[in-house]
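Right, I'll just put the structure down here and ask away after.
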Amino acid sequence: MEKIREEIKEKARQALASKEVDVILAWEKGELWYDSYPAFFTKEKDIDSLVWDSFCVNNLSKYLLEYTMTDKKIGVFVKGCDALAFNQLVQDNRVSRDKVVLYGLPCSGMVDPDKVRTKNLNQGLTEIKKSKDKLIFITKDKEITVPAHEVYYDKCLHCRYPNPVTYDQLVGETVAAEGVLDDSVRFSGVKELEELSCEERFEYWDGQFSKCIRCFACRNVCPACSCKQCTFDDSDLEVLGKAREDSEDKFFHLIRAYHVAGRCIDCGECSRVCPQDISLEKLNRKLIKDINELYGEYQAGLDPSAKAPLGTYKLEDADSFTVGEKGGKKREKNSKR
Amino acid sequence: MSVVASSTSVKNVEEFEPLIVAFCCNWCSYAGADLAGTSRLNYPANIKIIRVPCSCRVNSNFVLRAFQRGADGVIVAGCHPGDCHYMTGNYYTRRRFSLLKNLLEYVGIEEARFKVDWISASEGNKFAYVMNDVLEKVHKLGPNRKLRDSRWKR
Amino acid sequence: MQRVGVFICWCGTNISNTVNIDEVMTAVENMPGVAYSKDYQYMCSEIGQNLVKDTIKEHNLNRIVVASCSPRMHESTFRKAAEAAGLNPYLLEIANIREHCSWVHKDKEAATQKAISLTRAAVAKAILNDELIPGEVGVERRALVIGGGIAGIQTALDIADAGYEVDLVEKTPSIGGKMAQLDKTFPTLDCSACILTPKMVDASMSSKINLYTYSEVEEVSGFVGNFEVAIRQKARSVDMEKCTGCGICLAKCPIKTALSEFEEGLSNRPAIYTPFPQAVPNVPVIDRETCMKFRTGRCGVCEKVCPTKAVDYDQKDQILNKKYGAIIVTTGYDLIDLDYFGEYQYMDHPDVITGLEFERLVNAAGPTGGKLIRPSDKKKPKKVVFIQCVGSRDKSDRGKSYCSKICCMYTAKHAMLLKDKYPDSEAYVFYIDVRTAGKGFEEFQRRAVENYGVNYIKGMVGKIFPTNNKLQVNGVDSLSGEILQIDADMVVLAAATKAKPEADDVARMLSISTDSDSFFSEAHPKLRPVETHCAGIYLAGACQGPKDIPETVAQASAAAVKAIGVLSKSKLVNNPCVSEVDKSICSGCLACADMCPYEAISEKIVEEKANGKIVGRRVAEVNETLCQGCGGCTVTCRPGAIDLKGFSNKQILAEVDAICR
Amino acid sequence: MSCNCHDDPLVPVIAVVDRIREDTADIKTFQVKKPKEGLPFTFKPGQCAMLSVPPVGEAIFSITSSPTQQNFLEFSIKNVGKVTDCLHQVEEGTEIGIRGPYGNNFPVEEFKGKDLLFIGGGIGLAPLRSVINYTLDNRNDYGKIDIVYGARSPKDFVHSNDLYHNWVQAEGTDVHLTIDKEFEDWKGNVGFVPQYIEELNFSCDKVALVCGPPIMIKFVLEVLEKLGFDQKQIYTTLELKMKCGIGKCGRCNIGDKYVCKDGPVFRCDELGKLPDEY
Amino acid sequence: MKKIAKDKLSLLWKKIAENYQLFLPITEGKVVNFSIWEEGAEVDLNTLRTVNSPKNIIFPQTETYLKFKKEGKKLNLEVVANKGEYVVFGVRSCDVASFKLLDNVFLDEPIDKFYEESRKKGLIISQACLNPQETCFCNSFGINPELAPEGADISTWELGDLLFWEAQSEKGKNLTEALGDILEEVIEDEQEKLNQLKTGIKDRLKDLPLAQINPETIGGDLKEIFDSEIWDELHRRCLGCGMCTYVCPTCHCYDVKDYDGNKGGERFRCWDSCMFSDFTMMAHGNPRTTQKERVRQRFMHKLVYYTNNYKSYACVGCGRCTEKCPVSLDIVKVIKKLGGERNEL
């Protein structure tokens, strides 16, 4: 990572110097060990503070929305999940591909500061080094080596796209997907819930939703939530009331998940940023799973020219509500379209 | 004891008058409901119909809002796939509500509370049948407490 | 400020018997926004409508709710009334308290409460109604008729007669349809060809009618006044212009063994053929599946013998793209397959035939030259059994639950034709009921019984056993209970009619609907019998349900009039309930454009100020003349930037709230 | 423990809309009073009150009647949003909620003895009218009064009865009207308010009270400066999104000042010290 | 000073809960928040910082205060007084200090009676922080987490198996008395150990990474800070969510809304966030159209406007934004930027 960091900086410097781009979206380091955050570089000299470490979890693609109304050329560093997000924004017509130079960054996972704290590895921490699939936590007087997966974010453990699916230039070498990529693992949380009784499921979700403080972090961080004005902010229609009330909380979460159905890239950012630890990924993955089962495997963000599952149909589509008569009364033959 | 308990529960069920909101597409299901009327078929007054041009006009928001406002069941009815007056509208309906239906079940809303069905203009009988069927099932489930806004009184 | 007037109709006792009008009136008075309310026995009557009009003016009302029958019934009536009183017609809402309330509920208290809640919803919606002004769109003054049977021919002639162009598309090589196959028509017994052929010729001679035979409609888009249609003209392999219809090629064709479709397979035809001598156009077509040239590459006789060099083996299917203002569907019917009626031996015995085959057998131009003989041994039949309702009024899966309507009459006709040919023959008719509703029908059937001595037996045939050259028909006379055994020479089955197998596909292509038997659905069974739910598309003939020739012709003329009604207008007004985009909210994702079935939504760049500069931003825009108002886009649009006028998000939510209140 | 929450400043009292006058196509003037006591509360010119129309909500409006009017409050309200739309649907005799008064006022005591120049545009006349009528009711305390008022057309004039009659007839008072664009039968001045002020060339020994659309205020201030007015002689009232009316909900601040509490009346030199965020 | 063995705390909870609604830091999944204690609840006194500050107890996120009913032209209003007496146990010094900051606003004239009522009915029991975290910087705002904070009715310290208990106010004394035998008197030896504990905490504070953050380094007057260039860059990464404002113990902006129910409606106030794009939206425009203006408003409010009005910063250094902001746009970074070089760590 350290080596790649220098390479990244060099790339960024060159891109700015050669005016290949007007601005570089990358990360910068704050005062605390875990504190890497999005940064916007326009001057070569500022690149010194650019950082690439195990905490660059923030997805920079969504910041491209800010630039939709400018003619600036933007360089952006994208990890595997970020590249899916980028494609999704392109598919949704929100970002034009030609305004962006994508620098791909293979990524084997990002470290969850909470897991570090739980392991008490943060006491006196001065540096973290990465060595293959291990992380070395260095303090003044000792070094502790930990298998990386023990401190990676949950969302990174079963990452299917550690390498960017789209980029203009790749920095560093591609990495192998770690963890188990089997969908049965990815959807295991969903399946567990599906197997519960209706009442148990309700109890579970009621407990989850009622924790919500409506900070909208899940929505605002989501690369599929790219609307100019969110329906929840429509003060005229007021579909969502402002009160913390159970039914309003449920409305918000169901509609939020539904609105990203077929467009959710499963990056897990919503769950990560949720201050109340609501299992949003179990909501999103339910929809992904159902889409896969009903309409065929689909990974949002893989192909920006694909049709979103809810934006298309097939004559012979199955449904989840007419029992025993798939697709209605009549046989469907030739497609009109 | 058990006798007393069951008799009170029966009484409660009797008192419960479900409210069911049905969104019907103008061309098929609404016409089907008209036909049910013209044919003097019978279904309970608990079902109240909102006319929409096409089942694809029905937003998930509307469904959830009905539940928030105390509806005990919601029905979306449209033309049979392939028969949409607008050619393809109900194909989208089918996808949209297949997902919503599953999602509602997933978060613990009883399956029978949300019904999507295809009812053509000539299926007055089916209209009445579906309405009776949904009502019967919802009746068994009792009032919708899970999605109703606590400020919306029964 | 909204001042809603609510008018509650008793519909005589239709509503007032089940709904307590007084209670509804009291509830309405307290509904927010209601400035005036009134009830009346028949709101749709002239007095009722005047009441609405006068009250609008008197009480300065600007929103109207009529609680009455279905909006599908009288919405337009009351819209007109509102308009007459100076109100935009779209400020009116109907609460359907008849079809959806008083007619389906018995409990008066419950029905009353429901009527109140439906009215409340209509009031809540009406408050949010906006004035809507329909847009206008031009009309393509040409009609398309799909199907060249008597229905299609008549429709085309009538439209042409009114001075409009008509394209008549027929799937087979000639127009004429089923009627061309018939020998005589009931109840007059006049020759079918004699009355049909002149019409076929008229159609072909009319300067306004273009015949596209051996062609099929492949794609339909657009809307009333502006349908866009792709027609596939199948390769005929004969140049229509050059061919003179001399018929030499037919005679010389070495293949003689293809079954003639026109003759119901009772005779053969060459690979190059015209379906029948009077075919219009009288231009042969090469059946490429049978033709040696096409199968083996060798032969080419027809090309060689053709005096005008009209034969063209290289001809290709052609796609014609044309525009029409109106479409009339006249695709006709078929007889059901008799595969499942094994007891009648139709599949196994050549002397068990259908009514249509009988028509060919007695026809002078038919396979036997009009000699009625048994297909098996070419002998005259002495004893013929006619079985009615083969598959009609049959609730089992193999049959049709409806009455095919024409069989009673044509069976009587067949029996008479038999007796005419062979006075010494015996005719037996097995029937369930004899239905003779129609002008001269009863007299016709009685003639068969009384003058011709046809034996009518009420009862069904159980089974037919072929024995020594005979067909042993085992049946029951249900009146006497007697078990009958008739050794017949021939059996004629009145097979049920059914919709064309491709009807569902045609319906889907046209966005019209079919009933459970795949007959096309009319817009209203009584009041709009030739219209479909899709404006500008009309129905005539047996494609809408079984019917006889006079009915078909009447319907054809009716459909023609409807189509002429569209074609005669220079402009049509649009449905103003179309989508519109709030460009300030629109993100320009164009998901709406992707799903719009009418391609009514396109991208537009709006100029906006951003960071002190004017820059372009992509948004969606609706073409109001293309939009048909389905509202699918509104749901695709997550932020709700696109909304449907007349059924807006706000209005529907207001209805939900009001209903649940 | 007993609760005195019913005294909370957020809790409205019931008032009745006694009379409604339609000023223009989208502006109505409402007379509001308490069912029994009449005036809901005492106030000073320039102050605001919060009107409630449940279940739509509340909005704050400047009181357009003068405190010298002892029987009712008046509000001139333009239909721009949800609450105002609902108010426009209200009929005479309807009960609404009211709370207030909120905010500071025009320092009418300090104005004593001075010439006053009122400059209003459109609905911006509403808060000024309270002061105008107050000074006219205490005519001897004040010097010459000039009222400059502009709107898009004569049809958009609010309080036309005051503009055409009451104020014109008042002693030592001149009313100068202007409209944006030529209009049938209009014989008065045509042109925007700032230009008209420049043309009228007022002497700078007056106190100027300005209220109108932000763009008008901006140009009027420039003109006044040109005419030699000191910032300390100019007062204006501002409007930002206000919810609570009591300086707590945190959205109507300009810098550290809350418009609902420290405003809405600002002297221009004070305003100059605040960030340009209004 | 009193004490109680930690393993007897559940007795204490039970006793308090007899007469009060008792709020305690309770674990739910991975998060700890103040919730109403019930027998069997998983109390967590070790977690230093709850996700939500206890602000939502004294100033609930949603608070209905008025019910209304319309009948024709008639309007009926009914005030909802909805609080019983309650005790919050385990409030850290920073959060206790935040109450004072809220008091400044809500108890300023005109007094918010609902808030006043809520404060009157509440009894605050503080808990000293034995082990301040790397994200803590309360010291920078003059808060001493080892001491009994001003505003607490009772203060507590953990020491080994014991919890020390000291009433600070009349309310606190009354409760202490009412608890009777459950609490024991502290002996001198233990008092000495407690003093050592306090010194230990104080020492630990000095070593915290953010210890040197100092708001006093912010120079310039209101307009200068407002016009500072730092806002041009700082806001860019802000996602525009409201998390910082909702977890912040001192943010107190609210909205007032009506709910239209079927049997009458109600008016409630609910938290709002100046980070939201529609916060200042009016029918005819929005004075803060970009996130830059909104981010600036939030920090100007905390560090300048509030200070001008109430002579105190509207931050208690609790570290919630430092830990929770998804893009690390926390107040520490703003103070550092505004304070310039003087603030380098």
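By written order: A, B, C, D and E. Residues from 1 in each chain.
As a working rule, a contact is a pair of C-beta atoms (placed from the backbone, for glycine too) under 8 Å apart; a residue touches a chain by one contact, two chains touch by 3 or more.
Just so we're clear, the structure is a prediction, and the values are computed from it rather than from any experiment.
Participant: What is the set of chains touching both chain C and chain D?
Facilitator: E
Participant: By the touch criterion stated at the start, how many steps lie between chain B and chain D on the shortest route?
Facilitator: Minimum step count, chain B to chain D: 2.
Participant: Whose C-alpha centre lies nearest the centre of all protein C-alpha atoms?
Facilitator: Per-chain C-alpha centroids ranked by distance to the global centroid put B first.
Participant: Report back the single chain whose CA centre is most distant from the CA centre of chain C.
Facilitator: E
Participant: If we define chain centres by averaging CA atoms, which chain lands farthest from chain B? Would you check?
Facilitator: Farthest from chain B by mean C-alpha position: D.
Participant: Does C-E or B-C have more contacting C-beta pairs?
Facilitator: Looking at C-E and B-C side by side, B-C shows more C-beta contacts.
Participant: I'd like the Å distance between the centres of chain A and chain D, where a centre is the mean of that chain's Cα atoms.
Facilitator: 51
Participant: Any idea how many Å lie between the Cα centroids of chain D and chain E?
Facilitator: Computed from C-alpha means, the inter-chain centre distance equals 39 Å.
Participant: Averaging only over C-alpha atoms, locate the centres of chain A and chain B and give their separation in whole Å.
Facilitator: 36
Participant: Between chain A and chain E, what is the separation of their C-alpha centroids in Å?
Facilitator: Chain centroid spacing, chain A to chain E, equals 31 Å.
Participant: Touching two or more other chains, which residues of chain C qualify?
Facilitator: Within chain C, the residues that touch at least two other chains are 504, 508, 516, 595, 636, 649, 653, 657, 660-661.
Participant: What are the residues of chain A that contact at least two other chains?
Facilitator: 229, 231, 236, 239, 243, 245, 310, 329-330, 336
Participant: All pairs of touching chains, please: list them by chain label.
Facilitator: Between chains, contact exists in these pairs: A-B, A-C, A-E, B-C, B-E, C-D, C-E, D-E.
Participant: Which positions of chain B touch chain A when the two form their complex?
Facilitator: These residues of chain B touch chain A: 60-61, 64-65, 67-68, 80-82, 87-88, 91-92, 94-111, 115-118, 146-151.
Participant: Which chain D residues qualify as touching chain E in the complex?
Facilitator: Touch list, chain D to chain E: 1, 3-14, 52, 54-58, 80-81, 84, 91, 93-97, 239-241, 243-244, 246-253, 255-256, 273-275, 277-278.
Participant: Which stretch or stretches of chain B touch chain C in the complex?
Facilitator: Touching chain C from chain B are residues 19, 21, 26-28, 30-31, 33-34, 36-38, 40-46, 48-54, 56-62, 65-66, 69-71, 79, 82-89, 92, 96, 120-123, 128, 152.
Participant: Touching chain A in the complex: which residues of chain C?
Facilitator: Touch list, chain C to chain A: 219, 504-505, 508-509, 516, 585-591, 594-595, 608, 610-611, 615, 617-618, 636, 638-641, 649-650, 653.
Participant: Mind listing the chain A positions that touch chain B in their complex?
Facilitator: 190, 193-194, 198-206, 231, 239, 243, 245-248, 250-251, 254-255, 257-258, 261, 283, 286-287, 290-291, 294-295, 309-310, 313-315, 317-322, 327-330, 332, 336-337
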